[in-house]
Amino acid sequence: MSRDLTHFNEQGRAHMVDVTDKQVSQRTATAYARILMEPQTLTRIREGKMAKGDVLGVAQVAGIMAAKKTSDIIPMCHPLPLTKIDIRFEEHPEVNALDIYGTAKVSGVTGVEMEALTAVSVAALTVYDMCKAIDKGMVITTVCLLEKTGGKSGDFVRGGGSI
Amino acid sequence: MSRDLTHFNEQGRAHMVDVTDKQVSQRTATAYARILMEPQTLTRIREGKMAKGDVLGVAQVAGIMAAKKTSDIIPMCHPLPLTKIDIRFEEHPEVNALDIYGTAKVSGVTGVEMEALTAVSVAALTVYDMCKAIDKGMVITTVCLLEKTGGKSGDFVRGGGSI
Amino acid sequence: MSRDLTHFNEQGRAHMVDVTDKQVSQRTATAYARILMEPQTLTRIREGKMAKGDVLGVAQVAGIMAAKKTSDIIPMCHPLPLTKIDIRFEEHPEVNALDIYGTAKVSGVTGVEMEALTAVSVAALTVYDMCKAIDKGMVITTVCLLEKTGGKSGDFVRGGGSI
Amino acid sequence: MSRDLTHFNEQGRAHMVDVTDKQVSQRTATAYARILMEPQTLTRIREGKMAKGDVLGVAQVAGIMAAKKTSDIIPMCHPLPLTKIDIRFEEHPEVNALDIYGTAKVSGVTGVEMEALTAVSVAALTVYDMCKAIDKGMVITTVCLLEKTGGKSGDFVRGGGSI
Amino acid sequence: MSRDLTHFNEQGRAHMVDVTDKQVSQRTATAYARILMEPQTLTRIREGKMAKGDVLGVAQVAGIMAAKKTSDIIPMCHPLPLTKIDIRFEEHPEVNALDIYGTAKVSGVTGVEMEALTAVSVAALTVYDMCKAIDKGMVITTVCLLEKTGGKSGDFVRGGGSI
Amino acid sequence: MSRDLTHFNEQGRAHMVDVTDKQVSQRTATAYARILMEPQTLTRIREGKMAKGDVLGVAQVAGIMAAKKTSDIIPMCHPLPLTKIDIRFEEHPEVNALDIYGTAKVSGVTGVEMEALTAVSVAALTVYDMCKAIDKGMVITTVCLLEKTGGKSGDFVRGGGSI
């Protein structure tokens, strides 16, 4: 049963799953996104961060605000009183990549995977928006869940080689 | 100058670029997203679509509604009176992939790349949300712009082998 | 063709209809809602209005704000730069009814029927919310379009006896 | 006192009622909406559902998303962490009617009547929007609360003949 | 530590502070705003309130609705299930001032200072909006926190002469 | 007439003024806000900006995003396709003040005063939020319109000594 598509009601239509009787527990989720870009774009972002224009600063505010909007963006997501959102960036110039990590936390009855995934997706889209004048070919090559803890379905950790 | 990071003001802070004097033209953009999943997940989605539960139906409404929220989600995006949004799905069971195409259109002073990209991103996240009970390892492996038309910077078409 | 369900794309999925090439014209729409309630509820609303508590004042602000959110609430509605919204109330104590009229106006490429209908629906729901402590049995007995003008499909006026 | 219009403060102005000291209990509410339409419109909706275009699928997503926005739409509603929303449709071709039932649930300090009512209202408006190209005369003839459970004011069940 | 700028993560970037382990307590906050205007503007507002047009009624609904949107407006604010919002007005014709008091309350893990401050700010901006046709020179001369209770950092009461 | 409170309809209730027939012109508005704080708070903000934590960067994103939400926050404001928003900060350590300037621009039928005022208000509230852990006594001492251009009512420039 727990391996079923749980978002459909007895009419075969989507509904917001009943979580009224699920137990409150502390839940966390961490998601990951990678963006590939031209080398000079990554250089510009890095200089911007150190000097004046802060692409990553804007992207990070965007990701945090989007995480709070998750239940307004993803139709079957429950509204949740998020207690933490954090976004970190890692530059990998050797592969022309910018990596984004987002962690969400809540003490509640459902998990926060979608909040973490929404945070990194919107942060990545914001990076694209702010750099598209110089690099329209940027590609978001990965958006995935890295790990989650808490809840009845147990913890999840992505296998080492699987990103 | 047009190849500069245009989202920063003279204090080096982000701002919403002045487009007051840009000319109104018809603009389109098409974006693409791919999700990889376990074979049985894709099968379930397909059956759902034909029978009762319609994951893609929900994902597509989510993508359309998100496209209309783009300027509320992406900090430096201009509000735009979108005149069209369309989302299409393609199943590629041979590679365990679901492909999403999103097209946005406007008659306005700025492009709709971000609207198309937001549409496919949110559609993909919604697919993840609705299937995560059976497949937490799903990965969004590509989000990118396929093409745009209209505007001073000219048309853009992604090179054939570059997705 | 214009008598077809226009919200579906060639995959049979809903999309936001392409209105890029439709002509800008001045469009208006007026919608109507009726709420039936216990006589003393209507009396209380009236006294409130004259004395202190203003149920209708709150309902009317709610309706106006909701009209502006229409494209965020109704999935396939186009975003529109509304140029006017007005809501009027009529009390009909002889039938224990409160009537609500909402008029929306725009100079644009699509009609404003949904904006007017959303305005009166939300105004009616707000009246319910503010009075439900004394009258949970209130019923919204009619929500409909009274008339529209502008646009290619021509004007519409509801027949006299048809509400 | 509990039979008073509770949304007004001592200045006679509306406020959001203080529920800080109310007890958390499990609360449910079910609301109902009926739409009358031309026979062929109902037929089209039914065919759409079975074949390709799914008016009800879109309406149902719209209703669920609107329920989550209730406190943003209805001015004096408290924000609530909804734990369930479900929407069901019933076709009554014998009276040219489409009936909509919406159930909301929460474990909280205030009831979810407005969430259920908002869900069915927006689902009904969405049906109107998606069919208005072929039937502008559709009328929403009933929006009302069917029942609620939980909370200090006790349960409510609408009398049999009263819809 | 508690006197540190707590909104920054170890990368020096803003994040939403982790409050998962903070204790739930009852928290209140009261904020204040003053608007200076031409004498005749204040007179018009007062007459409006008594007679027909109710500037303060609209401003107060705006303030309440904005308080509920606080976590959507202020980037690092946690979403909170507000249990009370109240706004009061005081006219001070002797100094051509309109004073606004806003009180917010929650049983939660973070304070509601921002909710109270957002409420009075938006109420004041709404007064400006509704009167700007006759008095563009209006100035909001004070927005500040008057007092807060609850939470680990203890109570705060603004010193007598310090507004 | 143009000196009248234009937001009220013939029932004395607020409505969104009809601007359908007003002429499109280019409109700008600049607003101003000042925040007073303890000297060490201002120092911390400055150091943060140069080193790592960027209070002003977050405040500025918040102000820009809020400007785009103006018609969702201020009840009688028309939705507008803003073409520019810019926010600048000036530190005045000699008076322990941080000054915020916000400029909005549109080519449309109504002015953008409220967009500029909302931008600086929300930027100021965000500064408060991000520094309140160390300085709850911060006061926003001024929010006002500095100038506007465009539109039938003509230009407005605040008199030299009047802030």
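As written, the chains take the letters A, B, C, D, E and F, and residue 1 is the first residue of each chain.
Everything that follows uses one rule, which is that a contact is a pair of C-beta atoms (placed from the backbone, for glycine too) under 8 Å apart; a residue touches a chain by one contact, two chains touch by 3 or more.
The chain lineup, named per UniProt: A, B, C, D, E, F = Cyclic pyranopterin monophosphate synthase.
No experiment lies behind these values; they were computed from the predicted model shown.
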| item | value |
| --- | --- |
| Most distant chain from chain A, judged by the mean position of its C-alpha atoms | C |
| Inter-chain centre distance, chain B versus chain F - centres from mean C-alpha coordinates, in Å | 31 |
| Intercentroid distance (Cα basis), chain E paired with chain B, Å | 37 |
| Chain E residues counted as touching two or more neighbouring chains | 11, 13-14, 54, 57-58, 61-62, 65, 69, 75-76, 79-81 |
| Pairs of chains satisfying the touch condition | A-B, A-D, A-E, A-F, B-C, B-D, B-F, C-D, C-E, C-F, D-E, E-F |
| Contact set on chain B toward chain A in their complex | 2-8, 11-14, 44, 48, 51-55, 57-58, 61-62, 65-66, 69, 73-77, 113-114, 117-118, 121-122, 124-126, 128-134, 136-145, 148, 153, 156, 158, 162-163 |
| Chain F partner contacts - residues on chain A that touch it in the complex | 54, 57-58, 61-62, 65 |
| Chain F - residues contacting chain B, complex | 26, 56-57, 60-61, 64-65, 67-69, 79-89, 105-107 |
| Touch list for chain C against partner chain B, complex | 9, 11, 13-20, 71-72, 75-76, 78-81, 108-109 |
